[in-house]
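Structures are listed in the sections that come next.
Look for chain A in each of the two complexes below; its partner is chain B in the first and chain C in the second.
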Partner chain A sequence: MVKEIERVGIPVVHVCTVVPISMTVGANRIVPAIAIPHPLGDPKLDPNEEKNLRRKIVNKALEALSTEVELQTVFED
Partner chain B sequence: MHLELGHILINDVQFGQQTAIENGVLYVNKEELINLIKEDEHISKVDVEIAKPGESIRITPVKDVIEPRVKVEGPGGIFPGTLSKVETVGSGKTNVLKGCAVVTTGKIVGFQEGIVDMTGPGAEYTPFSKLNNIVLICEPREDLKQHDHEKAVRFAGLKAASYLGKVAKELTPDKVETYETLPLLESIEKYKDLPKVAYVQMLQSQGLLHDTYVYGVDAKQIIPTILYPTEIMDGAIISGNCVSACDKNTTYHHQNNPVVEDLYAQHGKEVNFLGEKITNENVNLADKERSSDWTAKLVEFLGLDGVVISQEGFGNPDTDLIMNCKKIEEKGIKTVIITDEYAGRDGASQSLADAHLSADAVVTGGNANEVIVLPKMDKVIGTLDYTDIIAGGFDGSLSPDGTITVEIQAITGATNELGFNKMSTKML
Partner chain C sequence: MGNIRVVHYLNQFFAGIGGEEKADHRPEVREAVVGPGMAIKAGFKGQADIVATVICGDSYFGENTEEAKAEILELIKKYEPDLFIAGPAFNAGRYGFACGEVADMVQKELNIPAITGMYIENPGAEMFKKSVYIISTKNSAAGMRDAVGKMVPLALKLINGEEIGSPEKEGYIERGLRKNYFADKRGSERAVDMIIKKLKGEEYKTEYPMPAFDRVPPNPAIKNMSEATIALVTSGGIVPKGNPDHIESSSASKYGKYDISEFDNLTDITHETAHGGYDPVYANLDPDRVLPVDVLRDLEKEGKIGKLHRYFYTTVGNGTAVASAKAFAEEFGKELKADGVDAVILTST
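Here is the complex of A and B:
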């Protein structure tokens, strides 16, 4: 899906847990997620902390979306 | 470590007054077995049925399959850390009831459970159609949480297998197989001209009912470690796993791991088989990196020349598999990987979710997306309520005439990644 959307000229950020698969598949902007069953959250955290975590990942994704890249890039912390 | 596995050949299973084995027939006291399983207050209702090869019977949803075994001599008991006390097993003597198994069914625990047909085209895809099966139909207490339900049915299967195994404790086996693994340095010295080969077994540990237990420890909490392969023959590894039926390892698969058996068969001939490493398949990247790093480190530290790696399940564990393969190959150690494929119903899609050039020796258990039509059976043990929702099934899988159209993913053991099946390519 990442590649098909990019093919029509819309940049995509792939937020995913298993970064190596994203690299293999060929995503250009990759933001690491938390875990496969809960990519954007963490049930171990209390709701406020979890909200902060979710916001951080979304902000990171937006930042990645607006960053020019030459090669496949992983946006780590 | 030295283990003698005594095969007690079971040709038939019947209900009887007393649980015993006579002339190759296993007699089961149904009431006694039901009462044993009902000791667990989490289970409200239990029934036991027998399903034999060739009978027009469909068992579904199948959760686990377990082979009855009993420890005859040596430390520990069968299923250490779960049913028996924690003690290192794998030495001495163990008797096995060959030709029968305990199968657990009942209300579905997780959506990824399987079908075992005892006859017809589906029977060809599961090794369990060739066994005399003692099927436990366990219904959970109302309001029981899903993970407690899983645990209750997991223990019901283990208890039943242990109960049946005990009747073989005093019997003289029909056949005895001997397996031995020496301490590392002794084994290297003994066959110093042969290539040093070990087995890396990946255990399903994604959580949420996709779990495996090692001496009672949830495998997602282990770091890669070493076992004498005979330990698994005594039930050191058991399944608590409701992942896709075709490529999960049931407890029976763990007890009868064909990679271990084949490596033992070549030990001292073509290879110097130096034991088993186990690792896991967790759901976050740090765990995947750590476990594959440690697996590669162990393999290097032991000075091996090559390893056979088997996967369990599919999807994100494909990455664990490729990480293990790549990191071990980077150390100059050869690998062969055993996996299966999800290449679409036409077989044209990419087979694995991840790939790498170093994975250049691959054994496949087959394409799990292949569609099969399973004709109606005269009898269903369990229920057909879930055939449309189990993995491999789809809306409309079950026709009004009782025919089921599913991907072979839904058949227990169909594309097993230990190679415990018969699928092959056509030779042209």
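Here is the complex of A and C:
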């Protein structure tokens, strides 16, 4: 799906936990997530902390979308 | 020589420990034949013993790959195996990834043959087909007998140092290697035969398949995020409560398009996940954990992004055919473009 969205001319960032799979699939902008059943959350945290964590990942995703890339790039902390 | 010592690798599901709720199971070893190991043992007809079975949850492996690999290697090493068999993983993506990673590691670190089995669309196959012999299996465990029937002979050949035949002959996934051989007819004749078949519309087989590099170059970055319309897409199966379009929990045949303009936040009352390939508890309690509507709404209010697109698109990425996923995104990609969406955040579980 990532590739098809990219193909129509829309930049796309893939937020996912298993980065090697995303690389194989062919995503160009990749942001690592927390865990498979809760990529953008962590039930161990209290709700405020959890939302901050989610905000951090979304901000990273927006940063990825604002960054020119030529090759597949993983945006880590 | 005594019997061949085999160590077998399984995930939590095939080991009978549990489904997705047990996918965080940490590596353990059992000195026993477990689950599909029975069929493998039987296939060896007394020539090999499964001396140990190493089991690890797929999520644990996917989320802690390096640690998991180190732990698993220690467990395997102790048994001094002659051969390592992982899976088969069929079309289970995380399991395929784990089988490939572990088989590759065992070959390199322990210097013994390792094989696994996967469906051709398993992402693990694409990742490891060059380094590991991967038997081509059906897309579900219904293909177990067939898979084992191919894995055992190939494993014996590897152990005995016999010559390995072509992918078609041995049943493994093409590794991208070329091998010279003497053909009955010379090249010009074969080429002419091929083109005649092609002209007649008959089936013909190329001798040099082109590698399929389907890469899409990245689009330019967003210059001004504060004016950009961002859309959310997910393969994590988030749907309005009740799953109105009945998106399947695995092998999805469709995607959903849902209006979120009225939502500042997704909750267990408004939304849920339809995905059958991960433990749904966390996503059902707070669907923002998969589809971060709450945060994007905040960022929209703060003017950090221009707008959160009115619709999100969703499907279940669980054993779903690559061709289906491609077709879904081709269709809604055009819609997103026509609707003036500037960028997409796609989340996967």
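Rule of thumb we're sticking to: the second predicted complex is superposed on the first by the 77 of 77 C-alpha atoms of A that agree within 3 Å, B and C clash if a C-alpha of one lies under 4 Å from a C-alpha of the other, contacts with A are read in each partner's own complex, and residues count from 1 in each chain.
The working rule: contacts are C-beta pairs under 8 Å (C-beta built on N, C-alpha and C of every residue); 3 or more make two chains touch, one makes a residue touch a chain.
Just so it is clear, the structure is predicted and the values come from calculations on it, not from any experiment.
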Fit or clash between chain C and chain B when superposed on chain A: clash
Chain B versus chain C as contact partner of A:M1, first or second or both or neither: second
Partner chain(s) touched by A:S66 [first = chain B, second = chain C, both, neither]: second
Touched partner set for A:V12, first chain B, second chain C, both or neither: second
Chain B versus chain C as contact partner of A:I21, first or second or both or neither: both
Partner chain in contact with A:P32 - chain B first, chain C second, else both or neither: first
More chain A residues in contact - chain B or chain C: C
Segment of chain C intruding into chain B (one of 74-82, 182-190, 290-298 or 308-316): 74-82
Common ground on chain A, meaning residues reached by chain C in one complex and by chain B in the other: 17-18, 20-21, 24, 35-37
Touching residues on chain A, where the partner in the complex is chain B: 17-21, 24, 32, 34-37
Parts of chain B lying in touch with chain A, wherever the complex brings them together: 206-208, 283-285, 288, 316, 318-319, 322-323, 353-356
Residues of chain A defined as touching chain C within the complex: 1-18, 20-22, 24-29, 33, 35-41, 43, 50-51, 54-55, 57-59, 61-62, 65-70
In the complex with chain A, residue positions of chain C that touch it: 20, 23, 59, 62-63, 65, 93-94, 97, 123, 126-127, 214-223, 225, 228, 230, 233, 235-236, 278-283, 285-286, 288-290, 292, 294-296, 298-299, 304-305, 315, 325-326, 328-330, 333-334, 336-337, 341-349
